[in-house]
Each structure stands twice: as C-alpha cells, then as structure tokens.
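Think of it as A, B, C and D in the order they're written, each chain with its own count starting at 1.
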Amino acid sequence: MPRKISYPLILVNLKSYREALGSRALAIARKALRVSEEYGVSIAIAPQIVDLRDVASTGVPTFAQHVDPVPPGSWTGHVTLEAVKDAGAIGVILNHSERRLRVSDVGRIVDMSRRYGLLTVVCGDMVDTAVALSLLKPTMVAIEPPELIGSGKAVSRVSPHSVAETVRRVRRVAAEVKVLCGAGITSGEDVRAALKLGASGVLLASAVAKAKDPGAKLGELARAVRDFIDRGG
Amino acid sequence: MPRKISYPLILVNLKSYREALGSRALAIARKALRVSEEYGVSIAIAPQIVDLRDVASTGVPTFAQHVDPVPPGSWTGHVTLEAVKDAGAIGVILNHSERRLRVSDVGRIVDMSRRYGLLTVVCGDMVDTAVALSLLKPTMVAIEPPELIGSGKAVSRVSPHSVAETVRRVRRVAAEVKVLCGAGITSGEDVRAALKLGASGVLLASAVAKAKDPGAKLGELARAVRDFIDRGG
Amino acid sequence: MPRKISYPLILVNLKSYREALGSRALAIARKALRVSEEYGVSIAIAPQIVDLRDVASTGVPTFAQHVDPVPPGSWTGHVTLEAVKDAGAIGVILNHSERRLRVSDVGRIVDMSRRYGLLTVVCGDMVDTAVALSLLKPTMVAIEPPELIGSGKAVSRVSPHSVAETVRRVRRVAAEVKVLCGAGITSGEDVRAALKLGASGVLLASAVAKAKDPGAKLGELARAVRDFIDRGG
Amino acid sequence: MPRKISYPLILVNLKSYREALGSRALAIARKALRVSEEYGVSIAIAPQIVDLRDVASTGVPTFAQHVDPVPPGSWTGHVTLEAVKDAGAIGVILNHSERRLRVSDVGRIVDMSRRYGLLTVVCGDMVDTAVALSLLKPTMVAIEPPELIGSGKAVSRVSPHSVAETVRRVRRVAAEVKVLCGAGITSGEDVRAALKLGASGVLLASAVAKAKDPGAKLGELARAVRDFIDRGG
C-alpha cells in the first residue's frame, strides 16, 4: 500500500499539460509506482482535477493541484476539499505561482485540510514568503522563485542560498514543517543539490510530465534520492 | 447512444453538493439516463470536476460546471477545455452566478469551445446581460436572477416577463441561440411555465441534486416536458 | 463651461503613467482645455484616481479609469461611483483590457452610473464583445484589440474592418450607443481614419500621456477632428 | 509638522463611507489634527483614494486603504505606490479583510513600500495569519477577526487572548513589527484594553467615520491613550 508518503519526497505536478492528460497521466502514475518500489523512494503525483480519481485509484500517492476555499454546497464550478478527498487524494498543493491564493484563504484551507486528513504543500515565491507561510502549519512549504519555474535552472543550484536559508528559518519558527525545493528541477544532480541543502524533497513538473520517457526520468531522480539516503543523508 | 442532447433540455447542475458527489453523482447520472429514455426527453448532468470522467462514461450527456480561460500548458490548478473534452464532456456551463467570468473570457472560451466541438451554456443574471451574452454566440444562454437561485421560487413563475423578454430579444439579435430558464426551478409546474414562455429548457440544481429521490424528481420534470411536447409545444 | 462633452470625442487615458501623475496630470488637463477651446473639439481626461479631484477642478471633462461594483459603505480600498461623482468626474471607463470586469458587474455599474448622472465608456476587445456590451446600454463602447494597445498601430488603420463592423452592428442593436476607436491611436491620421469608419471618437493613452509635448500632440489630434467636421463629417 | 507617527497609534479607516467622503473626510482630518495636538497622541487617517491628496495636505498623517501590486505604467484603473506617495500618503494599509491580497503580492508591496519610504500596515484575520504576515516585515500588522469588524464588539475585550498571543508571537519572530488591534474598537475602554494587552495602537473605522461627532469620539480615544501613557504604559 504505497499511498503514504515518506521523505525525501519527489512530488510531480502534471499542471495542465496536454502531454500528461488522461491516459498519459495514468501511464506516468503507474511508472511512478514502479520506480518508487524499485528504489524505495516516495513519489507522488498531482494530476489535473479530471484525472484525480483515476490516478489515485492506481495507488500512487495523489495530490490535487489546487482547491478553492469553500465548503461543500452551492459553489458551482469550484473544487472542494471534500471532493478531492472523495476522489482519493491524500493532499493538496496550494498557492502555486500559477494559482495564487489570498493569505487568509491559505490559512483557512490548511486548517480545513487537517480535519480532512489531507496533507498540504504551500508554495511561496521568496524566502520571506515561504517562511511566513510555514507559520500557517502546512505539512510542507515549497520554495519556487517564479523566474526559475520551467526555466530548467534549478533553484537548488542557481540560488542555493535561498533554499538553505528557507530550511534554516523554517526550522526555527515551525520545525515540523518540511521544505521542498521547487523550481527548475530537471535532473538527479538538481535533486542531490536540494537534499544537501536540507530540503525534504522536490516539487517538479515539466522535466517529468513532458519527458520523452517519464519513467526513465523518474528513475534518474529516484536514484539521486536513493544515493543521498544511502550515504547517510 | 444518448450523448447528444435535444430540446427542450433539462440540465442538472450538481454544484459542489456533498449529496451529489462521487458515487451519488453516478447514481443520479444513471437515473437521468433511465428517465431520459423512458420519456424521450433530453437530460444532461453537470457534475463536480472530479466526477466528470465517471459521469460521462455512463453515457449521460455531461457538462463541466466551469472552465478556466487558458489553453493546455503551464497552468497549475486550472480546468481547461482540453481536459473536460478528454474526460468526455459534451459541453460547459460558463459564467454561473457562483463562478462569474470576465466578459472577454466568456467570448474567448465560447470561441475555443466551438473548435473543440463543445456546447456552451452561458449564464446571465438579468435580461440585458443574457441578451448581451447571446451575441457571443454560445449554444445556449441561461437567465438566472441571483436572488431566485436556490430560493424555490421559479423565475418562470415569479418573473415570467423576464423570461419572455429574454426569449423575444435573443430571437431578434441571435436567433440560433437557445434560452434556458435557470433559477428556482423545482417542479414540473415550473418547467411547464418555462416552456410556455418560449424557453428551450431549464437549468436547475438543488431540486434534483438534494432530492430524497432524484429519480422521482427527474421523472416529474421529464413528464412536464413530455406533456408540453405532446400538446404541440 | 467645458464640462460637457460632444462628439467626436478625444478621450485621453493617463493610465498609471509616472509621466502623467500629479502636477503633470494637471498640466495635461490644462493643455486639453486650451486645445479644446481653440479647435472647438471635445477632449476629456481620465487621470489616476488620486488626481481625479484636482483634474476635474480645472474644468476639463474628467473620467475615472475604473470603478468597483460596490455601493458606498464598508468597502475598504474600493473606488465607488459615489466617490468619483463627488470628486467631479462626469463619467467612467469600464472593463479596460488592463482592468477587466465580470460581465454582470459591467451591467450593474452601467445601471448605477445612469442614476448618478455619470457617462460610461465600456471597453471590449473584439467586435463580438463590443457589440454584446453595447446591449448593456452604456453611453459609449470602445473597441480595443489588446494586441494593438500601446503598439503604435492604430486599430482604425490596421483593422478598419473591425471598427466598421462594430459601428454597423452596434447601430443595429443599440443605436444610441456611440462607438470609440481605442487601440494604437497616435496621430491625426489615425483619428481621421477612425472617424471615416463611423467612430464617434477615439480613446488613447501613451501618445498623449507620454508625449514630449502633450499640448502639441493634442493639437494634432484635435485638428484632425476639426477637419473631419468641417468637411461635413 | 505632525506628518510623522508615533506609538501608540490611532489609525482611522474611512472605508467607502458616504459619511466620510470629500468635505466630510477633510473635516475629520482637521479634527484628528486638533485632537492629536491637544492630547499629544498620534492619529492617522486612511481616506478614500479620491480624497488622499486633500487629506494629506491638511498635514494629518495619511494612509492609503489599499494599493495594487503594480509599478507605474500601463495599468489602467490601478492604484500604485508611486501615486499614493505623490499624493502625500506616508503609508498604506494592505490585505484588509474587505480587500484581500495574495500572499506573494503582500510581500512584493511591503518590499516596494520600503523603497518608497512608505509605512505598511498589513491586516490578518487570525493569530496565525497575523504572525505569518509579520515575517514579511511590514511596519505593523493589525489583527482583525472578520466576525468582529463593524460589530461594535472589540477584539481587545471579546478575544483578549488573540491579541496577547499575536503580540507575544510577533515579538518572538519579528520583534520590530508593531501590532495593532483592529476589529470592533469603538470606545476609550476598548483602546485601553488593547494597549494593556501589548498592542501598539488601534485600527478602527465606523466608530469615528460614522460618529455624529467624530471630534468628540477621537477625543475619547486619544484620552484613553494619553491615560495609558501617563500611567507608565
């Protein structure tokens, strides 16, 4: 039963990519499961909402890419925590740079998620924001400088100081909150750099979702995590 | 193959109701199929996005409750036309009073929907707005005075003039656009009133989605449509 | 008393330009007054909200660049019709491509503006949108293809068909609504082209607001209007 | 020159109240100046944007109620830091419960404000949010439980624990950030309670803005601050 996650975590955001929609989302999910078992490394998938239920049913740990800050009820066209929980998700990504939330809504959703037993990954664009958001007590914060998203330049290598400082400051103000490294991660090398800086995992998207061979790419990333663990973290 | 719709249409919006989520959405969809066949009346379902694929796979004509005005790509947490099409929807509801869109986005999505072969139902809150939106050439406009939504008071009975005027004016400026009656519809009597005023169908939500027996309620509505057709429209 | 406008109208949007803020907004307003009197051509100014009161007090016809769809009351940080009226504005620009509104809000503000005795200029990005918005009965609609805004390429010359078709279709569905030509207008030649296509004026921004000599630029535009009128429209 | 503020601070938000617009905003500003001098207590005013320049010109310390997260430029209908600075404001209120901002925008505006030499008051609705926002290093955070806003029930008396905990936790993570007490404050008694809990001032609205005699009300509040100071804080 691989639905639980452990750290270091590889969290793959499929965004609204055509290359990772429907049957292709399922194929990536199945590869993630296989690679995860092969390397003993936790891999989770955040598919498009239309694919949430099917991806979750593969057994891969599944995250929603966003939820709206509303309860069940008269909310036409919204995505609720109730719905993503019912669909089998184990967590939600919040405040991604492509889907920003108001700060009070982040707080409200994090609180509600806890009651639903859902994990939360809150994204922040700068060190200060990421640290501030950690005080809302999500499960994880992800630091994602928007200028690096999709750039192929990993925050863990271009701006190692940001990651290290976020890790250090979050540890001080909200020690139980994990820090993910989340922009421009494309290679095992980037993953290694992130983990060395103290990150508890990576949040990435196109490198896997648009890869010619997503399974091979996931293998490369998982191997980097495995090596890091084997060398004693 | 009941995936096509015809007019008069009964369009059931399941909103974010807990009572109409997951397995309960599927149950309503299956009842809609059965009632639709029994009376020879078109019934379509707009489930929550997490349920879109499963509901569509029952064969019931399925609408998304909303889509975001973005193409496939780097759009974390958005719902694209590409995704709802892939999930099996035949159409989308746009600009519902609980999910308003900017006017330029309505135009853009209607145009894109046409290319995807998706039907569009654009909601408007007043006669003027509904008529204006008909000029963007959606398949249907739905007139929904917000003060009547969920009130149990049907626009077709409380404000028949609004419906008749919308029908008359839309016919003049955009003759091919159908008009749905959409607020407070709860009974066969309300449906009959709407059709007599020239509406091509109804858009309703809680009366079915929160009914103790959604199948019986759908039967009542479909019977009203059937009677109307049999008397020669 | 030049506070009333007449057609053809030159409406100058100062946006949030630093070059047209505070004392520089006032200087442009005074030049507009002078040029307006010299050529007998109507010129109105839409300054930043902080400058609304001072610009209006010069006597130049003054428009707000935007208002929020809320009444007076507990609305921290909003701009109400009540406030822009109190500040001396005679009208408001709505739904500019840089400040889009939801379609129902456009309808609501247009209706409220009428009660305040305020004129309304509603922007639309495509022919269909502009025609649709004319049905909400604003005083004017402005057609502004976003790709031409700030481009220096005038819609009246690059896409004359759009303007002519908007004029023709608005005349048919909402004859009393005036059409402004509003993207990329920079020269007297552009103004002339707009008026020949049937537009009742132009909406422009940087060509005046960022001009080295805004008075000279306004003179060039007003002269084009004057010539057009003198030749019998 | 009373443009500088000191602590404890009384910050009066005039919202979009008709009772505090235009000439009535000016009258309140002048009374604030007089009371401030009489009691030696700092009072600042946050008027509607159309009144910003005139209110600032009275010499009263003036705050904008909101600014948009955009630089000067092609931003029709936005309120920039450049504009409120030019109009004479010394600070801005951000993220009021009636005008929420995305968390990344709060961070960006706080940073930009520092460069403009503008003070920042960031509102938060819960203890966690207020403490989190203090990490973005605004000048002040204001804790405003939305259910108390306009209720006449002061947070400092109904929920003293919230205030005390915010003060304590902000002191720990961002010691230089001041905490204002901001919901339901209507009397000198409420002010006293807030200051005793460690707040550096109060943010209030209707109690002054809609008072029959705003000067008398301001006197009552200033007296409470004066007494608190005289008793040695």
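As a convention for this text, a contact is a pair of C-beta atoms (placed from the backbone, for glycine too) under 8 Å apart; a residue touches a chain by one contact, two chains touch by 3 or more.
Since we're looking at a predicted model, the values are computed, not measured.
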| item | value |
| --- | --- |
| Intersection of the contact lists for chain A and chain D | none |
| Remotest chain, chain B as reference, centres from CA atoms | D |
| Residue-number overlap at the chain C/chain D interface, same or different (half cut) | same |
| Chain centre separation in whole Å, for chain D relative to chain C (CA means) | 35 |
| Gap in Å, rounded to a whole number, between the CA centres of chain D and chain B | 46 |
| Set of chain B residues in contact with two or more other chains | 97 |
| Residues of chain B that touch chain C when the two form their complex | 95, 97, 100-107, 124-126, 128-129, 131-137, 173 |
| Residues of chain A touching chain B in the complex | 13, 15-18, 21-22, 48-54, 64-66, 70, 72-80, 82-84, 86-87, 93, 96-99, 149-150, 205-206 |
